[in-house]
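Each of the next two complexes has subunit A plus one more chain, namely subunit B in the first and subunit C in the second.
Up next, the complex of A and B:
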């Protein structure tokens, strides 16, 4: 459907989308700068700039490049990943409350990682690149399990059943996770507990490298599938009528969403609610068209995560609050608000 | 999305179900159940790290000899543990039964609806800021926590256009739980209490003592009596609010009373053994399956069956991986999750 001329309506929509996207980007940059300055060692914006340009003291370089920057980059990537994953899941389930965490996918990914940690000490170097794969395995298994349990021949994939079963599966996985976690020695336990609570494993570029390829491949792929999501969002019958291979596309997109969530969980632990809130806010800002909605969700998610990470680092100095906890404390009330408002 | 035909369908189902209540089945459950509880208690006392014969258990109770070490173990460790299990099981099960009846929600359970998490936060706060607080105050804090959580969950549920649908209630419960668990995790990590709190979160009878039982018993007893007194009203509520109002019930008052009972039951159970989910979900369904839809029978049967479940689950938890204990909460979740999935997918389409 290529149009030669844009209708005024279309034009307006386009300007709006561009404005929103650039505003989000600017906000991210602002928070990025603030985040660089926040922490146990304070650095002024000028010092940050100097260090970034290459002439800071050794200590400043250490703080920025080895501690803060990787962590911030990870928050951005994870935020974008969760948000896009949530956005896809919401469209696939046609339910505003779907996201990796409510569907139990995050729990599955986390469980795989915990199993690994409980057999191999967390300090060894090898797992960094293995973690995303493991998490991915866990996430896919859980997703498949939920899909199978929720699918009925008679009425396909009911969104309600999908979510209820997701909640139940997540509860079961959490219980098993607790059993495993209690067997760990206190050191490993502390590590796992903070990880479950959703802490960005900062201070290490290896995690960025482990996550980056996934995001770099999957996000563009999701953007590329935006049109298909638009159609799927209309319902199975309409999509079929428009000549789409619904089942194949749905599974492909589901795999994308699961892979995104899994790889993010591997690096950040169980952070919920980002995948829920970000697409919602984005939808309010730019409307339901996925060509714009997906990038907007990614940016909103990144913004949310970096903000939460900064707050977590700043609010109870010198102690750090895990990002997942900050996100839950901000996110859960918003979720409840959505729930109170929704008619479903 | 509840369509009119759904409602009609559901109502038809209700009336069809309403026809059968089975007092005979209920009576036999109560009698056999109580006998099984007595047997379970004895078994629970005899099983453990140090094996004790049932005859010794008998002696320890009726011819107590303070010089014998085994008698001491029985009196001070095993017995309170078994009794605590029985009490707590009854608490969770009855709380679940009342919630299911009151909200007409088959998926209601104090764990899934965030009450346990509320009590958990209260407990984390007490652990962190006033670890020396007496058990009585701890329990009262748990009540407050559970009350706040239930207030939020039910508040959200009833704020909306078509009220407390099962899906909405479950989602509100899971969100409130997520929030409250996040808060307790935060407290735990900041105060370096993680593993202490985790042990407690996993649910277990290990810490039960006579003092705790003495403090909790009056509350639980009164709440269970109150639950029995409310059971008739719960049956009416379970037929729908319109029906209850039409029959002259003051529904607001009854709902408030029910909530207080639920909060006391869940709060005291959580303060003793930690947040164990799914008992309140499973047991009332099992009871309903056997005795029909009258809550005058469902509530006492739930109490008995709940006690039974916990007593035997606790025995299993000690035997599966002896001498270590498997967390009770996890064990029950392993039964509970498939049950929940079964309930959730049994219904056609929307709940």
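Up next, the complex of A and C:
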């Protein structure tokens, strides 16, 4: 894997990758700016600028710094987290359908959070920092369960079995969630319902702080493991032949993906589809090499989420559409398109 | 953005980019005229009026139901008390915004709250900010869970009345009176109500004696029977001393829940002499009232059904709501 010389082909690939990545970054910045201006209260770009420079009224500061910015930052983090998690899972499972939501990992994380919220309503101080840990616990348990069920000594981890079992486990957890939700009082039920629909509810800097360490550690780690994912994507036999400790690396990467998904679910609820679509989109843009694919997925996911959040905040003013639903509305047609195309 | 539109750029990619451009465009539009989409009358009051420094007569600190120490301004001018409008109106306070859901407001208060803009029941933070309240009153703990309290409290001092007090409008009214320096008004309102109820009780006794009255709420083709614990049931059975109908007395006391769902089949066993029907299905779904079972209920046969519209106060609690319920009772049951 030593890069000796760059073939013209390789060179072109690099420029393309850099182009795509910077384009995504620019788009994110644009949507970021639009998002800061969007909401119930009218804030013109000039007012936003003034407020950012510390010149706004009390109201404007409140809206920008306390309500809008944390939410925007959370959408970015969550989008990137889900996307990278999905990207890793798709490569590990060697299945285009894999993502935290289809594999039941999001459901497991969500279930843990919902159990906690329904039994310890936050009449006391909100246990913001506990939530990612809880979600992580739920996600890990689910992932372990799926792994154990899907693993066969004879033929290792079958991609198809992994997905099927994941879907089954997710369905089971969702059923439990529903049973639990039905027993809640109306207010808690409503919270849980919008939570399941995927509403970014942690709209406050503490949630950013609770989520940031996970993303800041796990994303670079995933990028660092990019080459291993390239090899694993070739299949177990090839990987073994190349001298890789397949099982160890796979579990390490799986844990990374699960931790990313779990911590994101804790603040954003059940937002599916980002983890599915973003890697697909990124793959179309930059190809299958994980060195570029992972960062591209992260950026695409962040862009998708921030766009969805902005749209969700704007379309039905003053009501808000849960971000997860907006993502699904954008995502479903694309997904159908993928299905139709792969059949042909 | 299309300069990197090379051969390999599939049409799908174009579509996605198109979508994103459209999204950008759409949200940019939203930014230019948000007034279109928001409720009429909720024109954001971006009032940069340097925080009205009212003469600091005596701001007081009270502890709310969730244990927060809340500093109440000496003389709150812009109170937001979503779903506490009954109490506010009773105390002569006009809130800055009134509770609403997508399909309506508290209809029985339309006269009192005629010019008051609406705010969504879930209190979107930016909407709350736009009304620039100086005091926020919250009825129930559950609506400000998970950090929402802290965010509201950044906008204005936020006091949670709490479910315990809020279950009894008298206690809640007294508490709100205390917060707003209107304890005498609150006490007077309660006394006026009790006098009115005592007077009506006398008249009712003469008119219907021990005859029982059932309150049924018809909504989305389902019936609910109201018990004596809350709302119109509390007024009718507790305050006016009307006899409970058989189907309510059959519900174990512990499981009574204000709105007890009841099937039409079960209703056929209702022996009440009068039925007060709160009909929220007026426009559609009233065919259930044409069914043979409904028409076979004794009170229906006898023509003793008194229909209240869904805009009446029969589904609400409070001094104002209760007073209007009493008026309705007298109008319908005292001939």
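Please note the rule applied: the second predicted complex is superposed on the first by the 332 of 344 C-alpha atoms of A that agree within 3 Å, B and C clash if a C-alpha of one lies under 4 Å from a C-alpha of the other, contacts with A are read in each partner's own complex, and residues count from 1 in each chain.
Throughout what follows, a contact is a pair of C-beta atoms (placed from the backbone, for glycine too) under 8 Å apart; a residue touches a chain by one contact, two chains touch by 3 or more.
These numbers were taken from a predicted model, which means no experiment stands behind them.
Chemist: Is A:310 touching the first partner subunit B, the second partner subunit C, both, or neither of them?
Modeler: It touches subunit C, and subunit B stays clear.
Chemist: Tell me the contact category for A:281 with respect to subunit B and subunit C: first, second, both or neither.
Modeler: In the superposition, A:281 touches subunit C alone.
Chemist: Does subunit B (first) or subunit C (second) touch A:182, or do both, or does neither?
Modeler: After superposition on chain A, A:182 lies in contact with subunit B alone.
Chemist: With the two structures laid over each other on chain A, which partner does A:34 touch: subunit B (first), subunit C (second), both, or neither?
Modeler: In the superposed model, A:34 contacts subunit C only, not subunit B.
Chemist: If you stack the two complexes on chain A, which partner ends up touching A:57: first (subunit B), second (subunit C), both, or neither?
Modeler: Only subunit C; A:57 stays clear of subunit B.
Chemist: In the superposed view, which residues of subunit A touch subunit B and also subunit C?
Modeler: 316, 319
Chemist: Which residues of subunit C touch subunit A in their complex?
Modeler: Per the touch definition, subunit C meets subunit A at residues 1, 4, 10, 12-13, 16, 19-20, 23-24, 26-28, 30-31, 34-35, 37-39, 42, 44, 46-48, 51, 66, 102, 119-120, 124-127, 129-130, 132, 140-143, 145-147, 150-151, 154-155.
Chemist: Name, in rising order, each residue of subunit A that touches subunit B in their complex.
Modeler: Per the touch definition, subunit A meets subunit B at residues 97, 101-102, 149-150, 152, 154-155, 158, 160-161, 163-165, 167-169, 171-172, 174-176, 178-179, 181-182, 186, 189-190, 193-194, 196-197, 272-273, 316, 319, 321-322, 324-325, 328-329, 332-333, 335-336, 339-344.
Chemist: Quick one: which bits of subunit B touch subunit A in the complex? Just the residue numbers, please.
Modeler: Residues in contact with subunit A: 1, 107, 112, 152, 156, 159-162, 165, 167-168, 170-172, 174-176, 178-179, 181-183, 185-186, 188-190, 194-195, 198-199, 201-202, 277-278, 326-327, 329-330, 333-334, 336-337, 340-341, 344-345, 348-351.
Chemist: Please output the residues of subunit A touching subunit C within their complex, sorted ascending.
Modeler: 16, 19-20, 23, 27, 30-31, 34-35, 37-42, 44, 57-60, 62-63, 66-67, 117, 121-123, 126, 128, 185, 187-188, 191, 201-204, 206-207, 281, 284-285, 303, 307, 310-311, 314-320, 330, 334, 337
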